[in-house]
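Labels A, B, C and D are assigned to the chains in the order they are written; within every chain, residues are numbered from 1.
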Amino acid sequence: MKKIGVFTSGGDSPGMNAAVRAVVRTGIYNNIEVYGIHRAYDGMIAGDIHRLESKDVSGIIQRGGTIIKSARSAAFRTKEGRKKAYESLKTAGIEGLVAIGGDGTFTGAKIFEAEYGIPSIGVPGTIDNDLFGTDNTIGYDTALNTVVEAVDKIRDTASSHDRLFFVEVMGRDAGFIALRSGIGVGAEAILVPETPTYIDTLIQKIEKGREQHKSSAIIMVAEGDDAGNAAEVARKVKEKFDFYDTKVTVLGHIQRGGSPSAADRVLASRLGVAAVEALLEGKTNQMVGVVNNQIAYTPYEKAIKHHNKLNENLLRLAEILST
Amino acid sequence: MKKIGVFTSGGDSPGMNAAVRAVVRTGIYNNIEVYGIHRAYDGMIAGDIHRLESKDVSGIIQRGGTIIKSARSAAFRTKEGRKKAYESLKTAGIEGLVAIGGDGTFTGAKIFEAEYGIPSIGVPGTIDNDLFGTDNTIGYDTALNTVVEAVDKIRDTASSHDRLFFVEVMGRDAGFIALRSGIGVGAEAILVPETPTYIDTLIQKIEKGREQHKSSAIIMVAEGDDAGNAAEVARKVKEKFDFYDTKVTVLGHIQRGGSPSAADRVLASRLGVAAVEALLEGKTNQMVGVVNNQIAYTPYEKAIKHHNKLNENLLRLAEILST
Amino acid sequence: MKKIGVFTSGGDSPGMNAAVRAVVRTGIYNNIEVYGIHRAYDGMIAGDIHRLESKDVSGIIQRGGTIIKSARSAAFRTKEGRKKAYESLKTAGIEGLVAIGGDGTFTGAKIFEAEYGIPSIGVPGTIDNDLFGTDNTIGYDTALNTVVEAVDKIRDTASSHDRLFFVEVMGRDAGFIALRSGIGVGAEAILVPETPTYIDTLIQKIEKGREQHKSSAIIMVAEGDDAGNAAEVARKVKEKFDFYDTKVTVLGHIQRGGSPSAADRVLASRLGVAAVEALLEGKTNQMVGVVNNQIAYTPYEKAIKHHNKLNENLLRLAEILST
Amino acid sequence: MKKIGVFTSGGDSPGMNAAVRAVVRTGIYNNIEVYGIHRAYDGMIAGDIHRLESKDVSGIIQRGGTIIKSARSAAFRTKEGRKKAYESLKTAGIEGLVAIGGDGTFTGAKIFEAEYGIPSIGVPGTIDNDLFGTDNTIGYDTALNTVVEAVDKIRDTASSHDRLFFVEVMGRDAGFIALRSGIGVGAEAILVPETPTYIDTLIQKIEKGREQHKSSAIIMVAEGDDAGNAAEVARKVKEKFDFYDTKVTVLGHIQRGGSPSAADRVLASRLGVAAVEALLEGKTNQMVGVVNNQIAYTPYEKAIKHHNKLNENLLRLAEILST
């Protein structure tokens, strides 16, 4: 293998740049040329492919976003799109791919490999931490810090005013961000999609806090909670319990940006190096992760189909700590 | 004067604690006892008044919120409420007040002085920066930094994805936060209540950016803009121009919290000292501010009635810089 | 067991407050009274012991430092001191201890248990991450983020000026902080006590960077490196290679403070809960840790004697990425 | 005027990039071509001059450092150097200059204008805030926030341990950073070059704090204080008063980097716009500043010769607040 391509796909996450840098530098270290494929599969189809040298990835380890841009491609889901993509790669002489992203990214890579035999290694880059085969995805730790810092600010004003805050964080199908950040900010309750939410139980909890003269309460809500998003849950609570001044905050895309945390930079660096080394060893169709602090490889199929389960001990912990 | 009271009222802002600390320490320096009145006028009515010593305000200069809590009081708007408040102060022996807050706070203090002769000096504590008689209110600078840091994160992800973001910041009647933070983040457009917003002009601007291959656009929207809040403006734009993936973020109460900036800590310290010194000199019914880097006193009446005007040069500047 | 004591000892670390909070809340949840022992063993000797209720630990999860203070005790190393400490605990009715700290803390607890039979569970709180029996110590992740953020600022100015920076971080015997933060900032070289440092090799590396037109270089130095601290290494380099303007920064105690990261808050919460539950189950003389994302218990003896080894793969990684 | 050049010179400061962006965009807005002169006068001599377009300054407003690099030039102090510089500018067709920097920068520009008639406008970019003709220099506010955030972390650990910290900040000739940041962190004492430091008085202050059971003390030291730098002052204090565990921290070049604060971004934007407009109006040999919130122009000669005076009221304030 003499030339490989790297791209970032799906929702971007902090640390993607650190991963790209690691891929490029590891390539160079192994006398391989590395090419950045801009805007993921869309750019692969369009041939938007450029050589990346050491200096091109200098000074990007600390930057959020992705310098080679991300996209979700409709065209790549068509046979025709993938054919064009293959032709672009052939023209550029690219023999292997490092695909940084999530579920959708790896699904695309898997189909592409089956059809055209281009080997690829996946790197888990998403703030959602929902991928099987790695303890943490790149960006998850940074997103947690972002949420925790934002909610700390809300706590300041909540405590000054006897207020009840509903804070919505990302998590359409999974409560990873809500659960850990909820513990981190000392939330009075944490609502996640994985467990049923009972409004009456929630109100009891808030009332109990009030009786203990807690000056404020913060309820973390994963956007995909079964009781609705933060605004809906707030409305349902307010209908039955109107003691506090109630406010809703939706953190939104702030969670996807920002300079990556130390942990995410190290994780991204490790995975980027391991991805290139795996390609060179002839591996393909696998996602590289860190499991129990060791590099581990998981077939795309498994990484996509299974999902990390929410740590139930942490749910119990949240219960104890909001006493 | 041997005993004075201090309270924080209305929407809390970062730096209020630094101001309370300055009031307490300046009192002690002048051999005066300082009492904290908890939850502002409500606590004054209820007699929730406690002596504050030097150590009570140690280690609070860096904290957001207010350790003596804030509130908006309905009871103080009644004759009966103010009578009770007066009796509480008399019981405690309090002869003068430092009122930290905004419009509503000073209006209350003014009526109270007229009715019961309790002298008071106001300290401008609000993130909105809309008070006449001071170049900056305590908390404004911190709020700007909070907005700028949050939108920097959004820019990371916006740039990675060709996205159009509408970011709503506080400002029901005034665009101070939107304008300065909009310049600070390099917003493509800034919508403020003080000037009319034309959706067609806004779309032209966004389209022009797209033609220049700008990868993203961020539109700052003061919540009280005449074209609606961020969600409404986004909807109106999307109806006519659907090139970008459009997202709305509402920063909400994050803007009221956080550790105060260096500038807000210094400002709060200066104003807290000046407020106590003014009381001791027999001043009353005035707000203390910093104008052109000098301490200045403005009668409550003037501070409440007039409002700072938006700097029109900055509007022009924003226009030039989004070229 | 009806009453337990908790204390923080040795060098403080961000997240100690979160651990104290977890101990108190878990006690209350299990109908146990929890007492804070101020200034660790010194306060135990002096009887400086106070009941902690739920509200006392409200609003501390986000604060650096430790509200019950830390100290290193000379007196506790004497038989007489320990006797007094035992009498204080007896008077207060305390039947078990949660000891938050490092090596020295656990050594003291072990001797104390042998002499007086007071059971104790240790919680690893130190930024150095050098304790066997836990993947991470409380405060390590925060310290890494603090270093990375500080060095990012240095990189800004280094890049603007063609400068060579030597940055000294904590680590008298171990390079954990230097290694991970060095990877995180993209350091050109990382000097740790665990491996020999050759000045000539270091200079070759810097010269190679210069030939590749790198505009700056940052060398991370653990304070206990065999070639000396940052100032000494800088001097040795400058003697032989004088191309760059050379600067030395010593981050010092900044590394011990700051609001804990999300990961440290969650870790501290988990360990605090597990420590109390272990005491209730009759465990003693053990440190609680998180190993491979599971709670694990390690006898004090083992935790003290062994040390975590530096991950050699990360050293290799640093080499590749500075290419 | 059809072509202008912009450069950043001397010690870099956060916000220089925001100023460069403003210069470029204002040029484009006025149909002028803008050229970046890399590494200041050195690059001018070498002809390292490149056209900057709108997209080149996109996404730099939030970055510390300077994308066109800074330098201090020995060659430009020679007649020969300046001659070459003039020839480079002539070749490039550059008719006017925006010089972003401090004293030395403007001195060079003034001599150059006298010799070759190239008009220039200066923009004050330095963290030291020591330039006459502007209330704040670009970078000063950010540096204050950096110092305050760092010392907040030190305070956490100082409070946990009964420690005495000496923190050295930049300021060879002026105490601007020490004074404002010292007030901002609630320092127990602030040592600046402008006033004499008496070690005995300092010790009395520290002792008084100890008697009041203050758990820690932080002494801010401007590097150019008459009693020596932080290490020297610490040694002198320790000789006579040895109650506390004493630590020294030197913040160093961290103070020059980091993402600029909101205030610095707005200031840099205003000054960048005003500088280009001044050149177009035929102004030269002047520094543009913001005085009392208005744009103001000061002849280089005056800006260089005079210095801002330390606000003596703030010194008094620091005294009161450390009570």
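By our rule, a contact is a pair of C-beta atoms (placed from the backbone, for glycine too) under 8 Å apart; a residue touches a chain by one contact, two chains touch by 3 or more.
This one's a predicted model, so the numbers in the text were calculated from it and none came from an experiment.
K.L.:
Which chain has its C-alpha centroid at the greatest distance from the C-alpha centroid of chain A?
P.N.:
The most distant chain relative to chain A turns out to be D.
K.L.:
Between chain C and chain D, what is the separation of their C-alpha centroids in Å?
P.N.:
It comes to 35 Å between the two C-alpha centres.
K.L.:
Between chain B and chain D, what's the gap in Å when you average each chain's C-alpha atoms?
P.N.:
Chain centroid spacing, chain B to chain D, equals 28 Å.
K.L.:
In whole angstrom, what separates the CA-based centres of chain B and chain C?
P.N.:
Taking the mean C-alpha position of each chain, the two centres sit 39 Å apart.
K.L.:
Can you list the residues of chain A that touch 2 or more other chains?
P.N.:
Touching at least two other chains: 152, 155, 159.
K.L.:
Looking at which chains touch, is this a line, ring, star, complete or other?
P.N.:
Drawn as a graph, the chains make one closed cycle, so a ring.
K.L.:
Which pairs of chains touch each other in this structure?
P.N.:
All chain pairs meeting the touch criterion are A-B, A-C, B-D, C-D.
K.L.:
What part of chain D is in contact with chain B in the complex they form?
P.N.:
Contacts found on chain D: 21-22, 25-26, 28-29, 54-55, 58-59, 61-62, 135, 141, 144-145, 147-149, 152, 155, 159, 180-181, 183-186, 212-214, 259, 261-263, 265-266, 269-270, 273, 292-293, 295, 311, 313-314, 317, 320-323.
K.L.:
Which of the residues in chain D end up touching chain C in this complex?
P.N.:
Residues of chain D touching chain C: 8, 11-12, 14, 16, 63-66, 69-71, 146, 150, 152-162, 165, 215, 247-250, 252-254, 256-258.
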